[in-house]
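You will see two complexes here that share subunit A, one where it goes with subunit B and one where it goes with subunit C.
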Partner chain A sequence: MTDMKINVHHITRVEGHGNIVVNVVNGELEQCDLAIVETPRFFEAMLKGRHYSEASHITSRICGICATGHATASLRATENALGVVPTKQTELLRKLAFFGEILDSHILHVYMLVAPDFLGVGSVIPLAKQEPEIVMRALRMKKLSGDLCAIIAGRHTHPIAMTVGGFTHYPTKEELLDIRKRFEAVRVDLKETVDLFESLDLPAFTRETEYIALRKPDEYAFIDGEIASSDGGTWPLEDYLSVTNEYLVPHSSAKHAKNKRNSYMVGALARINVNFDKLHPHAKSVAEQLGLAPVVTNPYAISVAQVVEIVHAVEESLNILDELVGNCLKWEEPVKPKRLSGEGVGAAEVPRGTLFHHYTIEDGVIQKANCVIPTGQNLANIEADMRELVPTILDKSQAEITQSLEMLVRAYDPCISCSAHLLNVEFVR
Partner chain B sequence: MAQYERYIRPKVAFFDFTSCEGCQLTVLDSLQTSPELLDMIEIVEFREAMSERSNEYQIAFVEGSCTRPADEERLKTIRSTASLVIALGACAHLGGINAIKNLRPLPEVRADVYGDKADWYDTYAARPISAVIDIDGFIPGCPIDRDEFIRVVKMLLQGRQPIIPDHPLCIECKLKENVCLYLRGKICLGPIVRAGCGAICPTYGDGCEGCRGLITNPNLDSMKMVLEEHGLSFEEVEQKLSMFMAYQTAGIKSEAEGATS
Partner chain C sequence: MDDQTPATTLILALGNPLRADDGVGAAVIEALRDHRLPPDVELLDGGTPGLETVLYFEGRSRVIVVDAADMGLEPGEWRRFTLGDATLKSNDMGLRGTLHYAGLAEAIALADAMGALPPELIIFGIQPESIGWEPGLSEPLCAAVDIVAGKVLAEIS
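After this line comes the complex of A and B, so read on.
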């Protein structure tokens, strides 16, 4: 094949709108872009002039899938700006709601968005007819994660009870015990999930890159920590701009990022590559069973890393539930701000990677806001993967190349609403 | 506007414009509890969840606001293809959270996020889809309520216009026996906002933010009395209204001024 143009308009089974554009002339790859055609969102501009107490409710609307993650990073930014130190109980409840979201998002991605590619169907709907027990299992696990978020914050998409300094509502002991029982029972589904993903063959493609994730000394970091790179080096959260180095490209309404190399990866695989030693022992043994031994350089293995994190999140949730019940969860009023002006950065490892919120607040009103989104940080890395992959598969049919590229982009679980919003394949002809 | 008629397993399509896609996710969640729905409708397009696509459908659910001229053409195509177009969630129904950017001059908003590259990205004032095309109904909320979605689909299948509550949230909140948030010193839009969400925000300790929109005849005089009783001003209500109803707030302000005179 000497000339080929691929143009996948609005790639499916991803969150938001993106196009894949490939142009091959005389057997040479001339263009290979992931165009982000999502409408610009302007959340940073929308926060300007709003009271600090509204920020987490406004920014949760950046994304329906990682609403709890945005709310968490937003609250931490505000709290750091205004000198609020949340209580231990607040930290535990936030972590629990966060695990609910990690589970919900990862289950949605590995079962409903990625698995159809490997099982040869167009979507989860025919899959429900072909393999009903797989889909029922996914729905059961997904409902459990949603219910966990609901007892803590009211609902998963756009949490209500999470506020600056704490919570406006608390679950009852009965709710905690009931969900604990269900979490214990879900271990059977976990085993089936691990077995299913052990049986799937990932495309053999590897490309070395830099992996970035938050890191904490005593746990597998999801909220707070410092920024760590697989190429070496750590940075305090306040220095996030010197890691993300965002820049604009004309074919994307989402900003790109680079640190030590031309691109880096964030998300489940980056976290496992950076924080493997901090995984729960059960998750570690599942990683070994699935052949994930850091450093893993196959981007298609992101879904496998998500399966490992599903196991980690279930086990850690059980630990937190025990701690909350054992300590007799009590009503606490949210901790009040020490001051009404200040600047703060909040960070969290949301399902798709490291998320930063950065606010400047004066007299309780937000003057300046910046959000750095995981998918934006991954864009340059996805394109670098695409550009290395395409020349190695040019002997395949256009349909096969398109499928490989769609699967690659989908593996990153891009969240285009978040990143301005992202995805379609254009083979230019 | 289309005639309502009974549909036997209609083809249903989901479309998204500027939004977080949380309402479509809520639709997926509603299928967890009501899988029988898949026997009653045929979903032919749902980009977030499936690769299959179709240009033939009777019912279109549209999530998201219209925020750029190029989106108008796509909306018009959906309108001319579908018999029924239903706005799904606050962004499509009201303009919603996206319209916060309308409160400041657009060039300023664009420069804030994209600097001197602002011209690369097309945008205009956010608006509800009803500002661009006729709609046959709406499912309010940010996000939508999953039970209400199921109820609306069932009404559409029966050939009925969907019934969405048009009484204030306070009624639902009282039935839940919640302590009034004004007694806890918090602003709540419950007296003037449409019920139907089970008063979920007050139940979880936060004042109503108005994501379901105003009832048809909001009693602003009475709202002002409640505010005065608690030493609060209408400006504080206005600030809260501007979260989901920024597209509508200018009108609300002049009405409130009218109510005082």
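After this line comes the complex of A and C, so read on.
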């Protein structure tokens, strides 16, 4: 192998537009980039001058998958700025909606985007032909998670019932009991999911990096907490900028980030590496069954970590549903702000990793906003993986190298953008 | 809810009423609610379920989809067709790209691959004038709602 150029224009089965560019000259890797060609979206500028109550609804539109995640981080930033402490019931309901989204996103990723690679089929369509039951199971589980979001947050995506200080709508006891029954029943699908992923072989590649996730003393953190690193150290949320250290690179319209090393990882695998001890016991035993023993340094294992989190989210959702029904869910007015000016940071572990929202509010109006999204934090780490992986597989064909790189990028589940659609019809004459 | 045997005919509206004429399916469903329907017929405003549309096909002997469709016709013109009559142009039929694009065409392709298409699938497509960012149907689409609802009624009676 002397010279080789790989140019994957638009990586498939990821959300948004990114390219892989590899250039090998005389057997030496000269260039290995993940180019992000998505147009910047300017959401932070859109928030300026808007009333604080609009922020969660505007920012939930950043993503059609992590809508509840953005809304949650946004509400926590506003609440921290304005001195609002939500009630225990609000916290439980928010967690439940959040788990619905984690499940929806992870199921979509492991089944529709990742599984076709491991089962040697090009996409979900041939998978559906070969293994219709696998795809039907995925759709069934996805629908259940969407329905959970809908009864708690008012609709499947883009929560409408979540507001600063609480909720504007509550599920009925019947809705909670009905969805609880369906969550109980989904355990069969969970077992099948775990068995499927146990049977798949991950590419053998490891690279040690820094893993960053939110951490809480008494639970596997998804909302709030402090920032923790596998390299040691914790930071309060307010110091997020000293962890993310964002910087610009010429080949990406999304910023890169680094903390103690040249790059770090966020997301399901980073969370498991940082918070393994806080997983639900069932999820922990599934992790052991799937061979995940922290610290896991194979980035392809991110998808396996997502399977573990699917189990965790189902079990924790059942616990919360029991608690809400047992405590007789009641109507609560949202907690009112103590002040109308202030500065606050909110954070959440959305499906793809740690998300930060940071607002400055004056007289109820947002003056300054900053959002740091997980995919941006992962980009430098994906490239570092690519640069270490390529020299070890240069003896393979160009097609095989391309496939390995695409699977690597896909493992991170990057979420580069969102879009709209209309049915187009051409008649057969 | 899931324990019940589903009605054998499903009339399924797809589309987003916040996107102007994309809400025509939902409007037809609303118009049909004013009529007495056979007991084995269920009306459903499905919204924009993407691939999960496949789940609505499960166990049905007949599904009638009502949706805004770009067919190159005049706004408000409608067509009744089945899969043999037309090619549904996909944004990404192989589902290789982002799943955000998944709509009816992709859901049908997926159901077909899984052998999960209903025995009878009829589509009523209505040509939109606008699918802008506002609720409410344009004039030609408003006029089409009752006509299409009448044709759907005739189909099930």
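Going forward, the second predicted complex is superposed on the first by the 417 of 429 C-alpha atoms of A that agree within 3 Å, B and C clash if a C-alpha of one lies under 4 Å from a C-alpha of the other, contacts with A are read in each partner's own complex, and residues count from 1 in each chain.
Basically, contacts are C-beta pairs under 8 Å (C-beta built on N, C-alpha and C of every residue); 3 or more make two chains touch, one makes a residue touch a chain.
The shown structure was predicted, so the numbers you read here are calculated from the model rather than taken from an experiment.
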{"item": "First, second, both or neither for A:G64, with subunit B first and subunit C second", "value": "both"}
{"item": "Dominant toucher of subunit A (residue count), subunit B or subunit C", "value": "B"}
{"item": "Touching partner for A:G49 - first (subunit B), second (subunit C), both, neither", "value": "first"}
{"item": "Touched partner set for A:D178, first subunit B, second subunit C, both or neither", "value": "second"}
{"item": "Which of subunit B and subunit C A:L139 touches, first, second, both or neither", "value": "both"}
{"item": "Subunit B versus subunit C as contact partner of A:I125, first or second or both or neither", "value": "both"}
{"item": "Which of subunit B and subunit C A:L340 touches, first, second, both or neither", "value": "neither"}
{"item": "Subunit B and subunit C contact sites that coincide on subunit A, given as residue numbers", "value": "10, 12-16, 64, 108, 112-113, 122-125, 128, 139, 142-143, 146, 417, 420-421"}
{"item": "Residues of subunit B that touch subunit A when the two form their complex", "value": "16-26, 28-29, 31-33, 35, 38, 43, 46-53, 67-68, 71, 96-98, 100-101, 103-104, 108-110, 112-115, 117, 120-123, 142-143, 200-201, 203-206, 209, 239, 243"}
{"item": "Contact footprint of subunit B on subunit A as seen in their complex", "value": "10, 12-17, 39-42, 44-46, 48-51, 54, 57-58, 61-65, 67, 108, 112-113, 116, 122-125, 128, 139, 142-143, 146, 153-155, 157-158, 160-161, 163, 167-169, 248, 250, 253, 417, 420-421"}
{"item": "Sites on subunit A touched by subunit C in the complex", "value": "10, 12-16, 64, 108, 112-113, 122-126, 128-129, 132, 135-136, 139-140, 142-143, 146, 156, 178, 182, 417-428"}
{"item": "Residues of subunit C that touch subunit A when the two form their complex", "value": "1-2, 14, 19, 22, 47, 51-52, 54-55, 67-71, 79, 81, 84-89, 91, 93-101, 103-105, 109-110, 113-116, 125, 128, 131"}
